[in-house]
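Structure in structure tokens, see below.
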Amino acid sequence: MYKDRVREVLERVSRGEAGVDEALRELARFPFEDLGFAKPDHHRRLRHGLPEVVLCEGKLPEHVPPIVRSLLREGSGFVLLTRVREEMAERLRAEFPGSRYHPQARLMVVGEMPEGEGIGLVVVASGGSADHGVAEEARVTAELMGAKVAPLYDVGVAGVHRLFAHREALEGARAAVVVAGMEGALASLVAGVASCPVIAVPTSTGYGASFGGLAALLAMLNSCAPGVAVVNIDNGFGAGFLAALINRLGEGEEG
Amino acid sequence: MYKDRVREVLERVSRGEAGVDEALRELARFPFEDLGFAKPDHHRRLRHGLPEVVLCEGKLPEHVPPIVRSLLREGSGFVLLTRVREEMAERLRAEFPGSRYHPQARLMVVGEMPEGEGIGLVVVASGGSADHGVAEEARVTAELMGAKVAPLYDVGVAGVHRLFAHREALEGARAAVVVAGMEGALASLVAGVASCPVIAVPTSTGYGASFGGLAALLAMLNSCAPGVAVVNIDNGFGAGFLAALINRLGEGEEG
Amino acid sequence: MYKDRVREVLERVSRGEAGVDEALRELARFPFEDLGFAKPDHHRRLRHGLPEVVLCEGKLPEHVPPIVRSLLREGSGFVLLTRVREEMAERLRAEFPGSRYHPQARLMVVGEMPEGEGIGLVVVASGGSADHGVAEEARVTAELMGAKVAPLYDVGVAGVHRLFAHREALEGARAAVVVAGMEGALASLVAGVASCPVIAVPTSTGYGASFGGLAALLAMLNSCAPGVAVVNIDNGFGAGFLAALINRLGEGEEG
Amino acid sequence: MYKDRVREVLERVSRGEAGVDEALRELARFPFEDLGFAKPDHHRRLRHGLPEVVLCEGKLPEHVPPIVRSLLREGSGFVLLTRVREEMAERLRAEFPGSRYHPQARLMVVGEMPEGEGIGLVVVASGGSADHGVAEEARVTAELMGAKVAPLYDVGVAGVHRLFAHREALEGARAAVVVAGMEGALASLVAGVASCPVIAVPTSTGYGASFGGLAALLAMLNSCAPGVAVVNIDNGFGAGFLAALINRLGEGEEG
Amino acid sequence: MYKDRVREVLERVSRGEAGVDEALRELARFPFEDLGFAKPDHHRRLRHGLPEVVLCEGKLPEHVPPIVRSLLREGSGFVLLTRVREEMAERLRAEFPGSRYHPQARLMVVGEMPEGEGIGLVVVASGGSADHGVAEEARVTAELMGAKVAPLYDVGVAGVHRLFAHREALEGARAAVVVAGMEGALASLVAGVASCPVIAVPTSTGYGASFGGLAALLAMLNSCAPGVAVVNIDNGFGAGFLAALINRLGEGEEG
Amino acid sequence: MYKDRVREVLERVSRGEAGVDEALRELARFPFEDLGFAKPDHHRRLRHGLPEVVLCEGKLPEHVPPIVRSLLREGSGFVLLTRVREEMAERLRAEFPGSRYHPQARLMVVGEMPEGEGIGLVVVASGGSADHGVAEEARVTAELMGAKVAPLYDVGVAGVHRLFAHREALEGARAAVVVAGMEGALASLVAGVASCPVIAVPTSTGYGASFGGLAALLAMLNSCAPGVAVVNIDNGFGAGFLAALINRLGEGEEG
Amino acid sequence: MYKDRVREVLERVSRGEAGVDEALRELARFPFEDLGFAKPDHHRRLRHGLPEVVLCEGKLPEHVPPIVRSLLREGSGFVLLTRVREEMAERLRAEFPGSRYHPQARLMVVGEMPEGEGIGLVVVASGGSADHGVAEEARVTAELMGAKVAPLYDVGVAGVHRLFAHREALEGARAAVVVAGMEGALASLVAGVASCPVIAVPTSTGYGASFGGLAALLAMLNSCAPGVAVVNIDNGFGAGFLAALINRLGEGEEG
Amino acid sequence: MYKDRVREVLERVSRGEAGVDEALRELARFPFEDLGFAKPDHHRRLRHGLPEVVLCEGKLPEHVPPIVRSLLREGSGFVLLTRVREEMAERLRAEFPGSRYHPQARLMVVGEMPEGEGIGLVVVASGGSADHGVAEEARVTAELMGAKVAPLYDVGVAGVHRLFAHREALEGARAAVVVAGMEGALASLVAGVASCPVIAVPTSTGYGASFGGLAALLAMLNSCAPGVAVVNIDNGFGAGFLAALINRLGEGEEG
């Protein structure tokens, strides 16, 4: 695409339709506007089926609305905000009527959502009810990116039979997100049953020697079952995003 | 499948073709032989396109050949051995003539390899020449699992232009493996350019405050670019395996 | 037991008393209802003498009562809730009149408690008054599981003579729980005097280089006295549970 | 017992059979010879069924034989040496003919072993063949202490069906030792199936983010299955010792 | 002393003045009442010049007054309470009129203080004004134990000249306490100038990579100047106690 | 300068204008008043163009004003206070009318500021809006020390094109401050584009495995681009100070 | 420069001297060949006065010579190799006669070195003789980049007087490199005396709680003296490089 | 002393016996030669009763002899070398005939040793035979500094009765060094029995979760017995030095 636009400029110069200075000005903006990596926002939305994402944690409340408005103005159909606490959600709902807030997932969506049934199948499994928030963050993210999601909650080691009860879902899935704190063993278990890629999310659920999720993180990184990769502690968004990306590949070439 | 086989037994009992004791004996083997998770070895090979994998690190040299022989006997077309040091490789080559050893990747393949061109495209990018071994481990593993692989080595921050030079490869890839030690920044860079899932492999390359790969591991887990997940330090096999799994999905449903 | 029930189904089919579809439906629930590991809840209560345990930390207050009610409905005589803070305790007391709350142990019991004298002897020793809460959590748990418990509090290094004063209790115990923060030396001391298994519980009591209980944890793991094993920091419940389990073995075969 | 011996001395004084000075000399040795904790060696052997244990790691080779000889002289029927490397074993075998060396377990036994069938049942489960050495250390230790041991090796997550295949062994065991490196998930799995106390041994098996066994250690400490306690990394001896101690309790009071 | 009391009992028995049972009862209390380690409280006060110390952090407010009253009743002239927050101090002042509270040091003294000039000389040096609290804890403790103390505050690296200005104080001191956070370099500096023992107290003052005092702790442990030993992070009491103990030695034999 | 003053004293003695005692008294103050390192405050201001800096974190609010007043009295034209929270700022503004507070940077300036355009060029780049506070701390500090500063905010990996858009600023800079949390990759990127010294500031922005800034800190220390050095986590002041120091060198000898 | 070259191409097209396809081919190489960041190698040498640097640690010996040859072919006047062990040095000396090896610094230089006196002044201070290797690595690197270097070795805390003896050197320096292990206090001391930027290099010198240089690293990051920044443990090259970069700025604009 | 020498110079100037230039030259050397801190070597020997100490670990073998010779030349009666391995010891013995080497302590003494009985009493207690080397390092160091030392080895928790058996030694000691690895509990035990200052030395003895001595280090820092301070892991020299320093104070004022 870049080549086509450069060729067009050159041809106009060649035909005398454009002067050197004018062409120069136009090309000057290319290296960072058209290189492909230059405006990842728009490319990304087109390819990933997701608009810009705004991480709200650590941001001052007054900084968020201008960013959202600017993104909507630039053509993003909808904007996904992550790690939005209740107070900020209320403020944003006042500014952007029609936006939807998922309190457990701490996600907010502003703008027009894509319609339609989700495609493929992403399983989101979680170990205990304290992990629901992170699991929901993954689920909502994957759905926003067009995936059909089967939640499979509360399947810790003590409830391993429920895992086997859903063997069919796991066998049909194109990607699985496994959310677990404490000893994080669920990722290995799911990877032993499922044959799809498994994205493991350690959570900070636990106490003492869980060291804020470190125990689960290390356990998941050391999983003896192949086919597992890990995202940051409590990063439900990242796991949902990646699972949806993989899920789209299942649609065939150019996924 | 399980249901069909149970129904068949029940029908034979119902029709009087089978006695209760005979049916009982038959059913007794079901829970762990036919549950799907029970014999993952064979299922796994069929689905993942890879036979059993034997991690040789930590094993006594005399323990490996019997394991390999038993796997071949059970019908594995070929066996992949990981983390095979030169001495062990020589010993194994003597026992299994015709096996192939990849010294940099420390991988060995015993048995008949699948033929044919690889499918799809997996990019394996690495940061520095000290990371070649791990990158090769990922490359060979992915190829053994049927993927076409484009290696993209030596693209550290100092050579970031080469990354952009291969933009097309990155844009065409179904999955990317990024192997990097030291500060591990390459994963974020690749994820910024590519739109496919990125599997990051921190390596123990570095010294001092790299703490055996911890610095790269933490950096990759904290990547601010979505679409990245991380495997264990130096786990080239795991990354190659997962990338190939994702790559197969690109063939469409049931990838 | 599983075999008996399957035989019974098969016999009904064989006798024509049950159709194939009906039998299939019945068997379908077996793999995870009767495998032994499938419904650990009921087996566990029968064997361990303890009903389901609900960890309340990290759960939303509104999620707990439905879980408790469902467990009572499924036949659990009583339910043990751990890590219940005062606010949640009040809410639960309102919903479940007759339940009992142990504020220091942060434990709550809902339902009918087993009657009778405890069996055997479990010693619960603790180092300082700041460790009382965790020690109480162990004591109440062990008592709920039917053990007779001898608390032996405030026996730190400075009061080592009190330890020797209770030599008889220690010699008669079937299991000892040792709760200590700071340098965690008490576990080694008790293991030097007692001849029963010692379950050590590091606590987060301390400051500075205690690093939230890490110092006591490492010290206990490195105990040079054999017969010591360690549970998670502040995990009084886990230690009381395990000690009571060991204590029951003292009743003889099938303990 | 202490009281009886003091009473005897006092009575001899009272009857004029012993002078004050003589009684004083006799009593002088009491505080540390008869307090129970004073000569743990002999008491310990009587109660635990095990003589002194000598940890050889870190000791100079020439220091070990005198210690062993002194223990044998003091009446220890046999002496157990742990962490004995091949070189030291050869040296010791030359000095103590008839001693037996277990190379994988790195254990050595000098002196007359107790005869007879083991009692009760201890299961020793291990995850991978790289964990065999530590598992053997636990097995041999428990057997030396009089336990019947059922080894259950190579039951990692990938072979979880073998775990269920040995459900009966697990259900009949009085104690289970679980030896696992990498992500250490096996401990939770065994604790979910078995109803006996589980002693978990993290091993240093693994690489990268296993950090020498830290990952497995933390995972096991955070096990969400109750009934699990943990010993030091690679401490097969400690786990075998504790399991055998628990196993003896199953013989009934005074186990 | 122990011997004398036992001899006295024996002689009474020998003379028929005491029966065996009476003697037995009396001796029964010996092993832990008279062994020297048995009642460290009273011995300790006599030798160390300090009564019992009560660490209040982590204790429930209602638990402290009974402990204090019991200690006073047992003859402690005065009781030192450490880590007393304002709220607890007020409560205690109400219960024990005449007690004194040092808010910066978070110390409280209940009972009659020893009179008179302090002996010897202890220097308490601190790096910055954020370390004053811990330095005051050390100073007040040492003074309560009878030491004369020269405070030398605010002598960080930027004010190293003040250190040299007080060279004489440092040269005359029998012990020095050095309180510093951040990089903790002050301990090495003082040890380079002074020739007395130096007790270093790392503080949690700092941010980021000070990791709660870990940086200062490690720096002090690695001090290249001999004559330095370290106590726990923020442990002003421990350092003041030890410095006063050393200071008393300067009075000559039996310090 | 020291030599000159000593010579002057000696000459007065030599000429009989001063007695030995008087000369001695005068010289006595030299070692720590005139050695160059003795009063770094005044020298430092003259050389660094910055007066004393007061770190307010950890200080009691009532301690700060006397320190400021004393510094102003000693001739400091202006005083810089760092890590000043809103409450303290208000208190100080009341005491020192005319002082200026930078709330995001948490900096406060009391006294007369130097006038005039800044010299040279320092670039302050930051990764995300959550890092603004630390970046502002660096910017204001550098400006107070006389540097012209070009802020270059929000140039994370996702906005790498903006970095290239400001290539000219980066190429013209004498020093660059790079402020980034999470994976801290921005430092390597800037060092790859700019040719000036790069001062990297890891921030505590992030969650989970960022471990309070540790991930960014380690990544920056392991940067594979030469020309990078690192200050403490969140230490915007330190980076701005050092960058301004380097910037002054660009004015030529004696910078 | 980029603009000029693009203009030239456009003008040739405009004048009909070049066809569109030819121009397109030429421009196609621009984005990564001429963007400034595209070929940092050559730009870097021109600006930094240093050719390519090859880190040899972790590289296979046979991989290094081709890299060196390729760099020399591309016009690098000389190549600097870091972390070259004796064996590799010998091999390289055989391949590149005339190259020079600095065994303590583990540096090797291949090719023609720049001539002439060094400019400005960089002080390299080190704490103990075990730090010489890293200090030499810094010194040689800085000299290769054209700096005059004053080494100031063996100035630990015990020899702090030597530091003051070299006050003049420190006052005249444009940059100082401070190399120290153990507690790393030297960096703060030098920064208190010198007024130039200080680049601190923690070394792995030490044992026990130095944890491979972690203690010195943390201490240096927490230095309470402003004007200090830190590089990786043992990274003498990085510190020398940065100090030389700063030193060049002292030559005035465009340093 | 400094004052006296300056006065003497001034008086010679005043009397016309010295010119200003000559006086200036003489005084110029004062600030760092006579300030007290300037030549700590000689002062230190006089006060501490120990000459220079040379840490040999990390030094090249050829660097040590010149340092030793220079120290002997400067008047050190004898030189203590620490961490001397066998090979280096042999080399040094060849160069310095008459020197003595303590292989377990890894200490070497060159030159004339002070004669005579040691003064006071220092107890050196150690936990296990693997700690002997570090304990010996402490013992020899303390003896070289003139202390009478009572070694009390092999008094781990399992042999706690031996500790009480030596109660008298502990009660008579002026200082105690406690050397222990694994869980490091011995320090608290000794501090409970002894009333003198206790210097604790954690050792790297142990495996797994001892993490090279970290477990013992943290335990000792968290000792709940007052009167304990800690030196670096394996730092027997530092502990012996400090204990001897304290021991000398027991001789009375100016110890």
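For clarity, chains are labelled A, B, C, D, E, F, G and H in written order, and residue numbers in each chain start from 1.
Note that a contact is a pair of C-beta atoms (placed from the backbone, for glycine too) under 8 Å apart; a residue touches a chain by one contact, two chains touch by 3 or more.
Being a predicted model, the structure only gives us computed values, none of them experimental.
The minimum number of touch steps separating chain B from chain G is 1.
Residue-number overlap of contact pairs with B-G passes half for only one option from F-H, A-G or C-E: C-E.
If you average the CA atoms of chain A and of chain D, the two centres end up 50 Å from each other. Chain F has its Cα centroid 39 Å from the Cα centroid of chain E.
One finds 24 Å separating the Cα centroids of chain E and chain H. Multi-chain contact residues of chain G (touching two or more other chains) are listed as 31, 35, 37, 40, 128, 158, 160, 164, 192, 208-210, 214, 217, 221-222, 232-233.
Contact between chains, using the touch rule, shows up for A-B, A-C, A-D, A-F, A-G, B-C, B-D, B-F, B-G, C-D, C-E, C-H, D-E, D-H, E-F, E-G, E-H, F-G, F-H, G-H.
The part of chain A that touches chain C in the complex is made up of residues 128-130, 158, 160-162, 164-165, 205, 207-210.
Every residue of chain G that touches chain B in the complex is listed here, in rising order: 31-33, 35, 37-41, 55, 57-60, 63, 67, 202, 204, 212-214, 217, 232-235. Against chain C, in their complex, chain H makes its touches with residues 127-128, 156-158, 160, 182-185, 188-189, 191-192, 206, 208-211, 214-216, 218-225. For chain G in complex with chain A, the touching residues are 3, 6-7, 10-11, 13-14, 16, 19-20, 23-24, 27-28, 30-31, 35.
Partner chain F is touched in their complex by these residues of chain G: 35-37, 40, 43-44, 47-48, 53, 164, 167, 171, 174, 192-193, 195-197, 199, 217, 221-222, 226-233, 237-239, 241-242, 245-246, 249-253, 255.
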